[in-house]
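Chain lettering (A, B, C, D, E and F) follows the sequence in which the chains are written, and residue indices restart at 1 in each chain.
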Amino acid sequence: MRVGIPRETTQGERRVALVPETVAKLAAAGFELVVEQGAGDSASFPDDAYREAGATLGDPWETDGVVKVRKPSPDERERLRAGQLLIAFLEPLSDRAGVDALASRGVTAFALESVPRITRAQPMDALSSQATVGGYKAALFAAEHLPRFFPMLMTAAGTVPPAKVLVIGAGVAGLQAIATARRLGAVTTGFDVRPVVREQIESLGANWLDLGVTGAEAEGGYARELTDDEMAAQQQALEGRIADFDAVITTAAVPGRPAPKIIPASAVEAMRPGSVIVDLAAETGGNCELTEPGEIVERAGVTLVGLKDIPSTMPYHASTLYSRNVQALLLHLAPEGELTLDWSDEITSGACVAGKQEGAPA
Amino acid sequence: MSYNVSNLLYLITIVTFVLALRFLSNPAHARRGNQIGAAGMVLAIVVTWVKVGSTSWWAIAIAMVIGGGFGAVAARRVRMTAMPQMVALFNGVGGGAAALIALAELHRILPDPGAPKIDISLGIVLSALIGAISFAGSMIAFAKLQELIGGRPITYAGQQFVNGALFVAALGCAIALVAGVQEEWLLWITIAASLAFGVLFVLPIGGADMPVVISLLNAFTGLAVALGGFELQNNVLIVAGMLVGASGTLLTLMMARAMNRSVANVLFGAFGQVSETAAAVAGGDGGAVRSATAEDVAVMLAYAHKVVFVPGYGLAVAQAQHDVRQLADLLESKGVEVSYAIHPVAGRMPGHMNVLLAEANVPYPQLKEMDEANPEFSRTDVALVVGANDVVNPDARNNQGSPIYGMPILNVDDAQTVVVLKRSMNPGFAGIENPLFYNPKTVMLFGDAKASITSLVADVKNL
Amino acid sequence: MSHNTLLVFEVTILVLAIFLGIEVISKVPTLLHTPLMSGTNAIHGVVIVGAMIVLGQPDKSAFTWIIGFAAVVLAAANVVGGFVVTDRMLEMFKSRERPKKPDET
Amino acid sequence: MRVGIPRETTQGERRVALVPETVAKLAAAGFELVVEQGAGDSASFPDDAYREAGATLGDPWETDGVVKVRKPSPDERERLRAGQLLIAFLEPLSDRAGVDALASRGVTAFALESVPRITRAQPMDALSSQATVGGYKAALFAAEHLPRFFPMLMTAAGTVPPAKVLVIGAGVAGLQAIATARRLGAVTTGFDVRPVVREQIESLGANWLDLGVTGAEAEGGYARELTDDEMAAQQQALEGRIADFDAVITTAAVPGRPAPKIIPASAVEAMRPGSVIVDLAAETGGNCELTEPGEIVERAGVTLVGLKDIPSTMPYHASTLYSRNVQALLLHLAPEGELTLDWSDEITSGACVAGKQEGAPA
Amino acid sequence: MSYNVSNLLYLITIVTFVLALRFLSNPAHARRGNQIGAAGMVLAIVVTWVKVGSTSWWAIAIAMVIGGGFGAVAARRVRMTAMPQMVALFNGVGGGAAALIALAELHRILPDPGAPKIDISLGIVLSALIGAISFAGSMIAFAKLQELIGGRPITYAGQQFVNGALFVAALGCAIALVAGVQEEWLLWITIAASLAFGVLFVLPIGGADMPVVISLLNAFTGLAVALGGFELQNNVLIVAGMLVGASGTLLTLMMARAMNRSVANVLFGAFGQVSETAAAVAGGDGGAVRSATAEDVAVMLAYAHKVVFVPGYGLAVAQAQHDVRQLADLLESKGVEVSYAIHPVAGRMPGHMNVLLAEANVPYPQLKEMDEANPEFSRTDVALVVGANDVVNPDARNNQGSPIYGMPILNVDDAQTVVVLKRSMNPGFAGIENPLFYNPKTVMLFGDAKASITSLVADVKNL
Amino acid sequence: MSHNTLLVFEVTILVLAIFLGIEVISKVPTLLHTPLMSGTNAIHGVVIVGAMIVLGQPDKSAFTWIIGFAAVVLAAANVVGGFVVTDRMLEMFKSRERPKKPDET
């Protein structure tokens, strides 16, 4: 099976779908790999490394399958053929039209977001691997933009108290942010609507913020959306407590829904000047009312970091992890290098968002 | 050899016995302790031989060859797993010997009917009584462990009453003898009642509790020997017997405590009910769970060549990372090879274990990822699973029906011994049973991981 | 000096032996419980001394003869079997006195 | 004594010489404080906070003394009067002309760089306090710009090895950078020409890089400049080892001299693409030949962070620490709120760079 | 009261003495141990009183009042610092009593000249000999410690030879007596030579080594009493004397080991040279440095109400942060209040201690900055200085000439006791002497801080 | 039973006492060395029993009378002084059995 690795065209995207290390493994497993020139450049993987790993440089679209990070642009979509395989973040829940377009072209498309969150599928869980990068980076951004130290320092010029960091939403990204902030010495507190998370937060040595708001856990460990009443209660409780913190990192998300607006403008105003909010949910609109997705802005003396596509700021390892997820999925779909789709398989049928064979279970 | 010279030589034997016990309490010297005790025993036998002189020397020799030969062969042949019943057997014959000696002495000194009464000491009668109980009880313990009779507790209504009556009968006749009713049939009743009591006393006790019972009967035998020594005015019998009596009693208490039971509960708990502890840890698939104390695990660790720590989410919950590091350091300082096997999804977030172990300053080279760690388990003495569960669940390998089937796991069951530290038999994240816990190679150390590791550190230090 | 005088001395010895028996094993780790039990079991095999004395009595009745013989047989089994079983149990501790790794100081 | 706190006018400077907390203490000690409007704004200290602390808003130059962070601009210099006290970083070693101009105006000027490095003067040691900020930030910048993780992570998508960080120059800033990089989980190595530093590096749990180059220690714990031969040897040794590292932080400085060029262009080329060099010595020209002071540039695939005035990126705490240094010096010069200069005192005479009384020891 | 009944009652005394020693070895029960021993002693005296009956009861009473009164008053009056010489004194009189008893017995049984010879046991003669040595030696030890005679070692040429000759003379006469030369003058020579030997044996030993010598003489007295018990056929004397003899000997060895000396070195090392250890730690300003063992410090810590850790650069060099945290946790679990006092310039970079303690996960609220910590020291039992030096140097406060004069420091010398952990007497960063180390409140625990703290953890655990 | 028989028993007792003396104090911490020494010192004050027996002998010579009297005086000083001094030394351990802080579990 020939697999193509195009260069990402989305603005600001620096990742690449497969890195040389994985290419070598796939080549050994019987795949033939075609890399677009310069595909890995922005992630620090030169073309030569791909060549050494066994890939050829060429047109990645003239293949049996294409692996990407981002969903194909309309132009790119035109280059896909019927029966061709496509693996990428396809945003199936928010970009129904794009997925339908793929289906109408006869492409067999697998969305990494749709890989079911079962134990067996963990190596293919690109949401988790990219969220890990996001959480780590979020803590660094907070440290970077805070005009204060994270750690406590007792010096001849007086004692610097440790920064207080609040992490809202303790999923994969949130926990990693907590861990990183704690590593830097901040006094770290976590909050989530799923009550099971409390133990996990404490298992990282962080504190649990009790806002008296709890939601339920849906399948796959995701949170369900809060009701309006619950949301209002949460906003209000948070407003009363948020001024205690120097930096707030928000990662709250509900799959397929715009990010819940957890921090209202009034809460931002309640914060001390110089405080920082890093909003990892910026991509889906932000957890903070004042977040400007894609921008770093100052509002009421508070720095709001609303950068999107944070994994692209660490393209080397983000690509490496992503690449291993893709590799796992490819090997699952084509164990010997030849596509053998078993539609009764939970992962295969769950991840497929377009071109699913007739009779396969929904 | 004069009485005094022999008694002085016996004193050497006594000293060797004290040293033997001392050494036997220390893992590093236990074997030497046993050898010292054996040497002392040889001395005592030689001294006695010389002292007894020519009288019946051939009879003694034949008896010793028969008994010793049987003992040696039986002890050599037995499988390691059958050791406890061997101890029961040898303890029983020792008790029997003590009872026989008392019987012979009493028979010798008891006046013929009508003849003037003599002084009979309580000691010698008690020696017969206790020796007989020990003999009969040990034989039942042996039979149960050897599965000659059913290992389950055997109970019936009124048991306590029957046992009590037998004991009172034995003791009553013994006291009557001493008090002056010097009839030989009283002696026979004493012995018969004691034997019956020994049988019925041990019968109701379940197989799992046998070691405690054997230890108690062992102390009984020691006491019987010491009491016999009084009659024979023989210091070595008094001291050796009493050393065993006292240390055996303490040992019985300690063994019961190690099982979290009282001795009374062990001895009488079986009446009408199956031991609860045993039931609680009986596994779903019929296998049994072995639980150990920190001391046991400490010895395993300290004497291992290679120990692999397998951390999981429980390590994080317990925040035991610093203590684990300390235990690892301690083991390394004792020459044990230590590493950590990290499963890719251990914990609750990617890199969870790394965060913790980095905080505790565990050197990076000691962390092994799964592919690196798995081939090592087969040459690992102890895999110490600290609060991990799903990531060491062999169902992922073997059980097609399991929800985690297909996930690569850490093959800790390739190690010689697996020690699992967790608080209960509760499942982990995946919510499924873990057959590892029922593996005969596995011992569980229940409790919060931080507390358990802290005890391990203390115990390893004290070794 | 009466028989009773000696008895008092014997009791004194007994009491000291009790204390010594308790003190000397008070630090035993759980793992050694069974070997220690087996070791003490071997030690009370010293009852063989008593058995030999009984069987070695001059002018004994047939009853004493038989009983004494049986006692020696049993006691000898206790002694030999006890020490051998204990030794086998303790074999597991043998190999483990390994040398320090050479790269350690 | 009236003390003025002007707003800093140097481009990019966000610190302020005294913060409200210190103002309150000085006010209690008998000082009268005049703050320029908006002086603390960029460091998150609003005017109100100064007022509450007991200062008045007004013209800071119409006072008995002025405390600043940066040396006065020529315009500002014009506003200083004879006999007026001035405390700031005056760059006495590199800006002789500026100091002379102050002297010719009759200003009594104390340079914080010139406070002797004796035990008693530690609370006034602003070089150390600002270097602490610099070292911490340098490690964050390195983490920020590296396309890789600092910590090791073993995840379902494979194992991420820890980043390897080299810190060259382990003075105050370098040690803090080492500590911060280690906190983030990087495998950290330090190097310095002063051999005593080895133990200090190891006391932070980091490794020592042995390049076979050692220099001597001058008074005050500073390094003396290397000879040309020594320098060449160091450059060459480093070139052979530098490719082992993902990030390099340089802090090497010799007081009053341009920063030693420790990393030649050839060494940068030897590094892997995606590597990062954070050059804390950029202010004095940089330790790396390719550093562009004030800029973040990419050369041969390596990101070179040559930002100047790093403490200004963390203005809140940088100002707080600086402010306590200034407070200590002020209280030393004017114990009861009135200037009583004791020229026989080692600190007073050592720190004074202009307007020193006749007869005072040099 | 018959001989047997009294001996049985004495057995109770023996049991109390064994228990007394057991309890005395454990800090938590030591006082109770002493009380149990005293109770046993009262019983023994009462039993003896009843047994002796009316004979000379008034003389016994008077003697007891005189002796007991003196003992009580002397023991009550003495200052705490003079305790060691009191022990020496009471040990000496005990030895004297043993010697006198032997003397009285020998005088009674020695045949008049010309009368037929009798059996003399070696035990009684040795009792006289050893008792006399103990008496004379203890008196010299007392005199030296009480500074009645110079505390410095007194030596002269040929001393060893003279001592040897005296000892041989004493022993020779003793053996001659037993061997049959039953002349009373031999007895007197034995005693005189023993007394002289005791005096000359102890004279050369320096004051610092006296505790070891007293312990040895204590064991001697025990032996003398036991040997006296043989002659009187008295079990309580035999057992109590020998318990003291044996445990005293072991104690002597342990005391010498705690000083890093051998007993031989203590006893004979003084010939011609001053003890090196003592000289090595004598301070520059004439004060002496007290060094302690980890066990001592562990007891101080475990029984303190409030302990403040004062970390310095040495903590960082030793990388002992994790161990310090562990010790602190352990102390907290025992109810001790623990905090850390952080000096602003401790270590070698701003915030150095914070980095380390954060790594070890020390909770931030336990860290006290200098201004917060200093007022607390006066209600602190133990300030544990871990590798800090300049930041606790009182010269910064008191000595105008010091280069660090004027630097605010942590006033650890306000605490009840200061324990300093460092490797040597070397100075810190500033390169200057630290008078804190010569403060009488200070004890030094020499060694790498990590190793020291690890020992402290183990020792605190074992308490 | 001869005198020698008793002697053998006494020697046995002596040997057991030696072991017991060693075992029973083998775990003493350094800080208790001095109090323990003082405590054992008090215990050998039991020599007063011997002294009382000597002084309590009927029909004794003046020499024995004096010697015995002196022995009782000395032994009594040993007993009383020994226990009192030990008690004073151990006072420091008294106050320290403090209760757990109330907020602790």
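Worth a mention:
By definition in this document, a residue touches a chain if its C-beta (ideal position, glycine included) is under 8 Å from a C-beta of that chain, and two chains touch if they have at least 3 such contacts.
For clarity, every value in this text was computed on a predicted model and none was experimentally measured.
Identification of common neighbours of chain A and chain F yields B, E. Ranked by separation of Cα centres from chain B, the top chain is D. Relative orientation of chain A and chain D, expressed as the C-alpha superposition rotation angle, is 180° to the nearest 5. With A-B and B-C as the two chain pairs, more C-beta contacts join B-C. The distance from the centre of chain A to the centre of chain C, each centre being the mean of the chain's C-alpha atoms, comes to 71 Å.
Measuring from the averaged C-alpha position of chain D to that of chain E gives a distance of 57 Å.
Centres computed as Cα averages put chain A at a distance of 69 Å from chain E. Counting partners per residue, chain E has 18, 22, 235, 239, 319, 344-345, 350-351, 355, 358-359, 361, 462 as the residues that reach two or more other chains. Multi-chain contact residues of chain C (touching two or more other chains) are listed as 5-7, 9-10, 12-13, 16-17, 19-20, 23-24.
Those residues of chain A in touch with two or more other chains are numbered 122-123, 128-129, 132, 151, 153, 155-158, 160, 183, 185, 205.
If touching chains are joined by edges, the resulting network of the protein chains shown has some other shape, matching none of path, cycle, star or complete graph.
Under the contact rule stated at the top, the pairs of chains that touch are A-B, A-D, A-E, B-C, B-D, B-E, B-F, C-E, C-F, D-E, E-F. The touching residues of chain B, when paired with chain A in their complex, are 313, 316-317, 319, 344-345, 347-352, 355-356, 358-359, 390, 396, 403-407, 430.
The touching residues of chain B, counted against chain F in their complex, run 3-4, 7-8, 11, 14-15, 18, 22, 235, 239. Chain contact summary for the complex, chain C toward chain B: residues 6-7, 10, 13-14, 17-22, 24-58, 60-61, 63-65, 67-91, 93-94, 96-101, 104. On the chain E side of its complex with chain B, the touching residues are 319, 322-323, 325-326, 359-361, 458, 461-462.
Chain F contributes residues 1, 3, 5-6, 9-10, 12-13, 16-17, 19-20, 23-24 to its touches with chain C in the complex.
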